[in-house]
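The next part holds the structures, each set out as structure tokens.
Consider the two complexes below, in which chain A is the common component and chain B and chain C are the respective partners.
Right, the complex of A and B next:
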């Protein structure tokens, strides 16, 4: 009976509120290191990204696992209708040639999962600055288009020590800290190997200590991240959703 | 002269989780003043629905009781402080009864009160307030979201005084005011252009015309089936509209509104003449008449069935056998 009062075609179809997620990923040469137990070491040695390593035959590299992780992140996000419409993913990498946008913010529909390759150094500061620039640009576009958005997430993953421009690194740390302290950014600092610089990672994140990824288990982390996007995008506005930092302990144990 | 109506319906999110509806509406009237209030309980508050009920009721009664006093006071800050103090006092008492903290009763607040001359509008938090004046629908107060989608200000927030908006004005040519929670806003407020959807004009005019016993179930049905489909959130709407003269519901309306009621296209040829004829037929049907009598009275050569059918379909007149009569007159 109320259909005469209000019909579907009379209503505005406002866009879904977005969940911006920026992945800032280390693709320095050391990400090619083969995960122990998966390949066969030869006697040949080489220095890659500041580390002396044996050359291996076969095996699965850190990068391979990270690639699989990102793919499962996209899969998890795409599998939920609400998260599918809400998620906006950006991938910035740092390695050979400096910081690089592998995939700029857009709906997951219009994105293909970027294929990453690893080489070179660890210019982390430059990459975080670039990631934050992308985020600012996207937020500006949201505002202009009248699209609501949630507090953005920045995932920062490294297996090494930043060795880019020192000034850029300090600037990136200050920018990130200021946003996080003002509750305008949620930062997930991740150390993916024992060699990762935990001290620098923790400087990026005033509210949460860096987490260590155990056993190169990228897949579990990214699935958890995807589930968190699902939860946030399905939450009722104003509701305090179970954000990653609320249930992070369940994941931190991995 | 003002009529208030509205409803709050549970959203898909809360229904799934078995939680109560956290949107609430409340109304009050007295001394020629009517008030409509809407409160959206904060999702993060433990007893949000209780807080919303309490805030809406207290605000409605307070605005009616202190209407003239508030409008006469030029110190807007003092007015806001008094209103918030009254709300917080009542919420504090409720919190003690419920054995919870004040913040567990957090809600937004959207309110309107009016008498024959003036109106008063209050807005804190998200949701949107619109008004219909001279046939035009405009936004009075846009949603006050923080930067992020799930953040806004509540009655219990520390910055409530700063964020509370208060408006006053004359009622001349104002047909009605509409209050919407953020759930309803998703369907009726175009965020990019910051404008309201035109269908609200129809909703407001129906609200003015149709008795609440009929209108409210229609509104609840429309909100439940159509509006809640656009969001996970609870949806509510509250209206304060100029009540229509029971004897002649169309008498006080302007040409555009009457043309819409009679189904006349405004820019069609002879629209004015058709409107005048419809007005006259409608007036003539204060008493029961046959079609023949109508045709004779208005020199209609080829029958008046089409015109009468339109008025019948809109519910302005009723037909009983061969006899036509104005709907409100027939009810008595």
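Right, the complex of A and C next:
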């Protein structure tokens, strides 16, 4: 009840037009894979999330990098006065135990950056459905309170192949495509590794081909995303985010 | 009030004693103008003299009568005045006087100097000379001009003024009265005043410069102006002014950076340099900046390009401007709702936000007089130090002549532009003053309801769609859509004065209202006089007398109406109409938890609200023992079998559960939050029903 009141109060008091962003993130077991060159491999082998891997000692995992990326995203958004008031972030994860809301919508001040841990499978369809539900719910709340908003963004990141419920996956794809085609959602599909299922990712996004993250450079991606939120909530030549030209070459590969 | 004879006598004395009598545009457009001619013409004919109407005044009337940005009444007044003086000139009753240049311009409009002459300048120019030769009387309603002219008439160490330089204004019935001068502006010698005192209302904010030409043709200069040597902190540069003067300066630290480049301090105090990134500099920008610098625009708080900056290799790389101070609107005024350090002006009142609007409007009016369109008005490029000190930044994006303002924000873009398409390219068209007036109205609204865009509403769509549909949700008089956003915004709106604010905003934002189109929106001048009226109402205490929250940025109740009794909620202490309180609590508080109780049946906790407590207290009852679910369960378990038979029908209307029962005919709702009255003598509230049902 108290939590809900704060949620409503936040909505009503803050007059800024909102940019709802939902990060839909893969936290399956394979996200624990150590980035080449950062750890020392042992001879032990195991099958994790459908992949045969060596066990490593030390090093930096994909998840570690993603965690840092999300933190820098929050930092970028919080540092700009306009984006700070405009951004609304929600984090949905998929891994062990299915799809899960790691952090529900609220002003960025009230949120603590969720700490992610990786395990289990890749139920992507379920997660995207949950993410779309969250976005729908938040839009409904905006409308009821009389708060302006921009059409939401969905960032979908995976390093593998979806292996959840097939029906849920098809439903998620249809929902996402319909929204994107009607200009009611902007989708950013991101392949985190070479093993990621580009074919499925591209089915989620009728307007923008999936992008491959180079060298696990989550930080740059999320900084760019934060800058795009800044850009959207500041002076804009249209409602669509555009890529800043400076750091495109270093990591963005289409 | 002098008698008619006295007034007539005084008028005659004026015609007899002054060598020349001049009359200004605003007097000719005032209500007394027609009567004035009736009174004065017989006298001037008798003395063989003629009242002088400067040609610029005639031109101003002509412009005003055609200017679609002005409201219909103003256009009509200007037209009537124009017809009258044209007729009087034709029959030889008055004298229209202009300079040779002006007369040439009339004959050959195509050769006319693009610079717009201002009647005020002509008056001052003529009177500066005439004060040595003639006794003059100028008739004007304008307080700024009055102050300027009176200053001309005062002798100083430098100038001894031998002749009379007097000013009078017209009364509503066409006689002469004492003219009001701008307070604080008297005694300023003309030499100290700006050369172009076009800012009539507030000389303190006056600017100077040469107006740009008006055009509707888009300029295009394709190509880049990439340069080789990008200056860094410590570099020596050369600033080129419009008069050909070159000054050397040293680049200091970077203060801010954006997509186009960075802004650096310089070794010249109060001046900063914007240095472009070589790959971002276009030929278009260079050509535009050249024009901007050439017009010598000087206005306190407008950080306009002053000089072009070249590096030591003599490559153009940026421009020089005045340094800005303060915080952007977004982080200051639009953050007034925030608590703690995030709110930089926690002590501000309405008087401060109204004054801020006035300060901003004065600068916009000056820029418009220079034929500059700001274009991208938004909360990021106006910085606020105090209600009377603001800085306009990013001025290189302003639209001048055929150079468009290449950026914009959806929120501040009018429907006529948004309707051109989903994807807008602001650099492909020129904005009109009518387009700009929408952005101005939006900005003002967002200062009055700090940060809230005018078209936010319950059930709204995206910003773009809301603006296009023009479905402004705030009520005006008895017109209301019922979609006003939740929260305190409705109180902010309610407390605004009706005439000066609510009606003006309503007529601007609601589609189909008289000032909602590009041609009919209020100009910055129109808004200025409304905000001055609002400031007056706040200062003289009229609004505060009616409602003690009139000065609050975020009031907590609707504006009080005369003849209504108000009472305070026992819990939150806010004032409400007495009839809206239920047992001393407002609706919100009566639903707040008074105590959390434990159910005797299921053992779960449940909330007991203030509203329930008040009800129980009133009946002298102790706290309930069971939660709602268990009470229901008990009722369902036979306790209420008699209810089904209808015997308790009167006491328990629970429509959801008893929809199969015959319902009493719903009465029109008189009080919100209170269910329809039953046939009992005393009207019963929701809690009464609830209680009866579970008793």
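We take it that the second predicted complex is superposed on the first by the 222 of 254 C-alpha atoms of A that agree within 3 Å, B and C clash if a C-alpha of one lies under 4 Å from a C-alpha of the other, contacts with A are read in each partner's own complex, and residues count from 1 in each chain.
Definition applied: a residue touches a chain if its C-beta (ideal position, glycine included) is under 8 Å from a C-beta of that chain, and two chains touch if they have at least 3 such contacts.
It should be emphasised that the depicted structure is a prediction, and the values quoted were computed from it without experimental measurement.
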{"item": "Touching partner for A:151 - first (chain B), second (chain C), both, neither", "value": "both"}
{"item": "Touched partner set for A:12, first chain B, second chain C, both or neither", "value": "both"}
{"item": "Touching partner for A:57 - first (chain B), second (chain C), both, neither", "value": "neither"}
{"item": "First (chain B), second (chain C), both or neither touched by A:85", "value": "second"}
{"item": "Touched partner set for A:44, first chain B, second chain C, both or neither", "value": "neither"}
{"item": "First, second, both or neither for A:194, with chain B first and chain C second", "value": "neither"}
{"item": "Interface residues of chain A shared between complexes with chain B and chain C", "value": "1, 8, 11-15, 17, 82, 145-151, 234-240"}
{"item": "In the complex, chain A residues that touch chain B", "value": "1-8, 10-15, 17-18, 82, 145-151, 184, 234-241"}
{"item": "Residues of chain B defined as touching chain A within the complex", "value": "11, 13-14, 40, 42-44, 126, 145, 147-150, 152, 182-183, 186-194, 197-199, 202-203, 206, 217-227, 229-234"}
{"item": "Sites on chain A touched by chain C in the complex", "value": "1, 8-9, 11-17, 81-82, 85, 143-151, 183, 234-240, 244"}
{"item": "Interfacial residue positions of chain C with respect to chain A in the complex", "value": "259, 328, 330-331, 334-335, 337, 376, 378-381, 406-411, 422-427, 446, 449-453, 455-460, 462-464, 466, 473, 483-489, 593, 607"}
